[in-house]
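Have a look at these structures, which come just after this line.
What follows is a pair of complexes built around chain A, which joins chain B in one and chain C in the other.
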Partner chain A sequence: MIENKDKRWSVAGHFIMIILSVLAIAPFILLLMSSITDEGTALQNGYSFFPQKFSLDAYSYIATQWGLIGRGYLVSIFVTIVGTFVGVSISAMLAYTLSKHDLPGRGLLMFLLTFTMLFNGGLTSTYIVYTQIFHIKDTIFGLLLPNLLMNAYFVIMFKNYFEHTLPGALVESARIDGATEFKIFYKIAVPLSVPMFVTVGMTSALSYWNDWTNGMYYLSTNSNIQSIQTLLNNINENIKFLQQNNVGTTVTTADLPSVTVRMAIAVVGVLPMLLLFPLFQRWFVNGATEGAVKE
Partner chain B sequence: MKATSSLRLENKPRKKIHWKSYIPLYLLALPALIYLLINNYLPLYGMQIAFRELDFSGSIFSGKFVWFDNFKFLFATDNAWIMTRNTVLYNLLFIVVGTVFSVAVTILFNEIMSKKIAKFYQSAVLIPYFISMVIVGYLVFAFLSSDNGFINHSILKPLGIDPISWYSEPKYWPFILLFIHTWKAMGYNLMFYTARIITISKDYYEAAKIDGATKWQQIRHITLPLLKPVIILTTILAIGRIFYSDFGLFYQVPMNSGALYDVTTTIDTYSFRALMNLGDITMSTATGVYQSVVGFILILIANAVIKKISKEDSLF
Partner chain C sequence: MKEKKILPVLMATILTVAVVGCGNGNNTNSSTANNSNQSKTEASETGKINFNEEPYTIKMNYAVLGQEQPDLSKIEAKLNEVTLKEINAKVDLEGVSLYNTANVYALKASSGEKMDLMMLMPGSSYLSSFAGRKMIRPIDKEIAEWGPALKETAGDLLPAGQFKGEQYAVPQITSGKLTFGFTLNKNILDKYNIDITGVSSLDDMDAIFEKVHKSEPSLTLLAPEVSSSDMASFLVYFDGLGNTYGGLTDDSGTKVVNLFETEQWVNTAKKVREWYQKGYISKDVSTSQDDGGTLLDNGKVFATASGSIHFNGGATVPIPKRTIALHPPVLTTADSQLFLWAVSSSSERPDKAIQFLNLLNSSKELSTLLKYGIEGEHYELNKDGTVDTSKNENYRNDWLMFGNYNLMPLDSSFVQSSGISADKYRAREKEWNDKTEKSPGYGFMFDPTPVKTEVAALDAIVQQYRKVIGNGSVDTDELLKKFNDSLYAAGLQKVMDEKQRQFDEWLATKGK
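The block that comes next holds the complex of A and B.
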């Protein structure tokens, strides 16, 4: 392949990828620089890549608010770990059952699963079911349950993996040896499917970590179980509120973090993702190469 | 199908013994099924609100049935037209521009000779994929804020151009939203199409080279035709989802600014605002029903088309 490559095309490739890489990274640098800009400089010159005067005031302010932000982190970490663990486990369990083609009623189960990919009740009816029937408002379940726990795509990815990679002979001999299906699932299917567990787990963890919608729907603004993304969203909401209602509001500018603090909080919110992502990247590449999900 | 059912009949006495051995499998399936019941099936029951009157005194399900009155009301306003137009047009824009851009970038990317540097680029462009739309909202705000934004202060001012009030000027937003959408998805799309390109056998290119084909001819006659099936498949799937929008993109990035509603309202943001800001539960549910029903029809059509083209790629 190397000898097939053309120098000019390679240069063009470098050119476009350098532009795109700069576009991908530059906003984060602006965010970081804005957060370490002196407040007065930021007000006068705006957010800049090369601020005239630096200051860590924004971060010392955040340090005083550490109770709030630290708790936000704990909530995010808790929800991500628990949600991913439970969601991936129950997805794999259902997938294992569906990978048994002789199972009576398998067609019905498969239909019930596939149908969820095609039709849904919509935002409001989901909201009403969760708040009016299950009363999850302002509980940790509000962050864990709605929409995020599992979905049909997870199950189908697992099911395809089980069908294609589990050695039938091994499963059969285990069954003859008297192993229950639980044991076969736990002792054979799970250990042999680690790559799929990691890929689905990463996808699930990313959507839990980045989710702000459940916090917006199911938590009140004074709730003490706000995740880091929900906190970031609430700050935004307050700013929006101010912009839209200039007169006679209860939210005043004093309640809002100043221009640099706002950016510092965003830095604190995004930093773990930026630091950890090189480690995760490989698994997402695997996920993307799995191809279209189907029955 | 027929063969298996007749087989089952023959084996009836044995099947009884087998039933017991299936119980563990049903138990394994149970937790996920309960979740799907709660998360996906009970909301279908909740959809009846769209056909009821809003009842402030009683429970949410106690309003009188008014059947399609809520829908009549919804479609009597401009809102239904605006949100449908925006949702469909943005999706079409994203499909066309996104596909052309992704394929072009991926082809050039795969011409890069140094694998090490290519890996670095790939990691860099993937960063936006990993961050939440809230963070994206902050990043865009750092650039576009009227008072402190980088563009107004550091680009327009030195050029002697008056500052632009970005969050109240609708005309810029189709471009901004297209840009942000492409920016966020580029890393993933690069991975996605690269995974397909590297499966193309090198023999094709070598044979073409021996025949004196230029790089451009190789791309036109080998790479693109071999990518065609996956491009068609992803496009049809995207068309099947044309009634759905990325709520975060249309809500966070324009900061839910009222001045921009004309160009930023999609079915999802409208439904959200009807519920959260106006408290109009029936209207919001009606919007959801509209989206689900049309979306359902579209995805069935998309699947039927895919089934015709390549059976093994269909969703069901």
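The block that comes next holds the complex of A and C.
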């Protein structure tokens, strides 16, 4: 009897999860399908899961524009890799340091960390500091530094992990063997916290990859280091603006990519993350809950 | 024990230093550059440019659609050659993505970033708010002193750049004013031998639509040219004086009336409804995101209710089209405000900015340079004096936003698509411009600040009703009454009264 009930539960559970998964995947499939729909068909019938006429024109257009899109791609990849690496390193080292309870001034550092996590100066003052003190405008730092480089939330996740999951005895024994603090960090703390590193790295890489706001504020439109997301967002927002504002018919949308091309750029844009995510997913689930429970 | 404490501290400090240091690395070059321009010398003599001072760099911001311009620096170099000689200044061009201009300008202004000239597009949306927030400055004095050519070339447009009686911006001289009516697929007209000469009213269209519908019942006959607007709004003349709530129609004189109660609008909406019920209009016209213009070019509709009727009677590419104008062209304030050049409040040398605008508007060389690029590199000059830009990839701008349209050569793709020669094009354009009248409200701009809340409420109501009624997809009689009732309930009368008051005041000062 009980077994039966369990079975029913699991059938119902599976059923619900399948529906939810389909709902989550469907937009992606629609995106993919509309990117390979013939432009005329898309105009006439709208987007469809089963377009009447297929066409790879959108992708060949991207190929012709590879100078622009390909460079955007490279910029995105560079920024994601460098940003994630530097960001995770800083976060982990800071967190490791903060996990030492005998650190002088630890309270102050923790306060600074949490305070800036909860409050910030707003866009204008941030912009002033970055452009007039650090002069990152129109440089690659404009994509790397603002908002994304170090996230206090990640530091706290790391810190909790180091405090509660890292066996104190291990650190102690290493110290007895004469290891320096830095050696303990990278020989013991880092290898033991791989799930955490993957989790934070993945999240950080995602936010670097998907970011377009930094490009919008810290790069001029003629800059040659626009990331792929900045380019895509730019195209979409301008089309929306032209549709919503009657800026006169002297303005044509002819120069802007067509519907199917926008879809194709979006597909190209999500592809790397789509491929990368399953590879690290195993660690991801582990890491997200790790450090959450105290022993 | 002591040793144990030092290392973590060291690590923490190193990290902090490293983060700060990262940013500091590339800060040296620009801070020095900023200071060099601060040598401020007042112009010594009226109308005479001081060549003894250090050349000032004018920062010029304008809207672009975001494509990169690899050759922008070449254009700048060429431009600076001339400007250094003529007005002792350099120009630094920077495009801002169109959708984001308001944010970027505000950010630059509040952060004190260098900014001299900025283009507002569409100026009608930004002029009053930017001037009200003191982001841009009055330039009457500078124009009087440094803008003789501006007064000559753009003199009759200048009222469109005024706000509360002060000149805040210089309207761009652009191509002729467009009017409204229908754009039709010429192939279909020819196929059924339809003659459109003499067609000048909505009722005249009935016969044409009926004929085409009978032969091709599955073809959608009519769509709004852009999906954000509705057909009735395209087909009625109305000068809203800054927004939709109260304005001037053909026979209202200087009395502000409610568009949605005027005979013209009501009748047009009813006519469109009739066409909708006869099946001429697509059922999802009000929800569709596709512009009628695109559909027309793809042969998906027979005609569009259009606001881009021109003197040439219809283009030839990508498909041959004919147009029917329902109204003679009338220039309103908003038309001249599409591109406005304003001077930032933070500009150190507004006089230089105006000197440059003055130079640009009077120079064929510079107008052509900024619009088309460098001859031989970005365009070829055709025999008939038009410009062929088809081979150019490295410098292009999307709009007629630079220089004086009347001085620069025509783009051959425009002339070719009209199917007439370049000379004829110019002649017809001139005739059209001479025919173009100015609305009695030309130069007046409604300041909505006193009735801000009402306007916001009205916006929401208009969004709810206007499109469905204007496209005929709902019952006109029933909903129109409901629409107007809700408008009045949300304070339409108050907004109209305020507009009338401001307008009367403006008329009085103008009459003086």
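The criterion applied here is as follows: the second predicted complex is superposed on the first by the 256 of 295 C-alpha atoms of A that agree within 3 Å, B and C clash if a C-alpha of one lies under 4 Å from a C-alpha of the other, contacts with A are read in each partner's own complex, and residues count from 1 in each chain.
We adopt the following convention: a residue touches a chain if its C-beta (ideal position, glycine included) is under 8 Å from a C-beta of that chain, and two chains touch if they have at least 3 such contacts.
Since the model is a prediction, treat every value here as computed from it, not as a measurement.
Asker: So, on chain A, is it clash or fit between chain B and chain C?
Answerer: Clash.
Asker: For A:213 in the superposed arrangement: first (chain B), second (chain C), both or neither?
Answerer: So A:213 only meets chain B here.
Asker: Comparing chain B against chain C, which has contacts with more of the residues in chain A?
Answerer: On the superposition, B touches more of the residues of chain A.
Asker: So, does A:221 touch the first partner chain B, the second partner chain C, both, or neither?
Answerer: second
Asker: Taking the superposition as given, does A:31 touch the first partner, chain B, the second, chain C, both, or neither?
Answerer: In the superposed model, A:31 contacts chain B only, not chain C.
Asker: Applying the touch criterion given at the start, work out whether A:133 contacts chain B, chain C, both or neither, answering first, second, both or neither.
Answerer: So A:133 meets both chain B and chain C here.
Asker: Between chain B (first) and chain C (second), which, if any, makes contact with A:40: first, second, both or neither?
Answerer: second
Asker: For A:181, decide between first (touching chain B), second (touching chain C), both and neither.
Answerer: In the superposition, A:181 touches chain B and chain C alike.
Asker: So, A:145: does it touch chain B (first), chain C (second), both, or neither?
Answerer: both
Asker: Is A:100 in contact with chain B, with chain C, with both, or with neither (first, second, both, neither)?
Answerer: Both partners, chain B and chain C.
Asker: Looking at A:90, would you say it contacts chain B, chain C, both, or neither? Reply first, second, both or neither.
Answerer: After superposing on A, A:90 lies in contact with both chain B and chain C.
Asker: Between 24-32, 132-140 or 240-248, which chain B stretch has C-alpha clashes with chain C?
Answerer: So the stretch of chain B that bumps into chain C is 24-32.
Asker: Under the contact rule defined above, give the chain A residues that sit at the interface with chain B and also at the interface with chain C.
Answerer: 43, 90, 93-94, 96-97, 100, 103-104, 109, 123-124, 127-128, 132-134, 145, 149-150, 180-182, 216-217, 240, 243-244.
Asker: So in the complex, the part of chain A that touches chain C is made up of which residues?
Answerer: 40, 43-44, 68, 90, 93-94, 96-97, 100, 102-105, 109, 123-124, 127-128, 130-136, 139, 141, 145, 149-150, 180-182, 216-217, 220-224, 226, 231, 234-235, 237-238, 240-253, 255-256
Asker: Can you check the complex and tell me which residues of chain C touch chain A?
Answerer: 4-5, 7-9, 11-12, 15, 18-19, 22-24, 26-27, 29-31, 64-69, 72, 94-100, 104, 107, 110-113, 121-122, 125, 174-175, 178, 225-229, 289-291, 293-295, 298, 300, 306-308, 335, 338, 396, 398-400
Asker: Any idea which chain B residues touch chain A in the complex?
Answerer: Checking each residue of chain B against chain A gives 15, 19, 21-22, 24-29, 31-33, 35-36, 38-47, 49, 59-60, 105, 108-113, 117-118, 120-121, 123-135, 137-139, 142-143, 145, 147-150, 152-154, 167, 183, 186-188, 191-192, 195, 202, 205-206, 209, 215, 233-234, 237, 247-248, 252, 255-258, 268, 271-272, 274-276, 281, 284-285, 287-289, 291-292, 295-296, 299-300, 312-316.
Asker: What residues of chain A sit close enough to touch chain B in their complex?
Answerer: Chain A residues touching chain B: 1-2, 4-7, 9-10, 12-14, 16-18, 20-21, 23-25, 27-28, 30-31, 34, 42-43, 45-49, 89-91, 93-94, 96-98, 100, 103-104, 109, 112-114, 116-129, 132-134, 145-147, 149-150, 155, 180-182, 185, 206, 209-213, 216-217, 229, 232-233, 236, 239-240, 243-244, 259, 262-263, 266, 269-270, 273-274, 277-278, 280-281, 284-285, 288-289, 291-292, 294-295.
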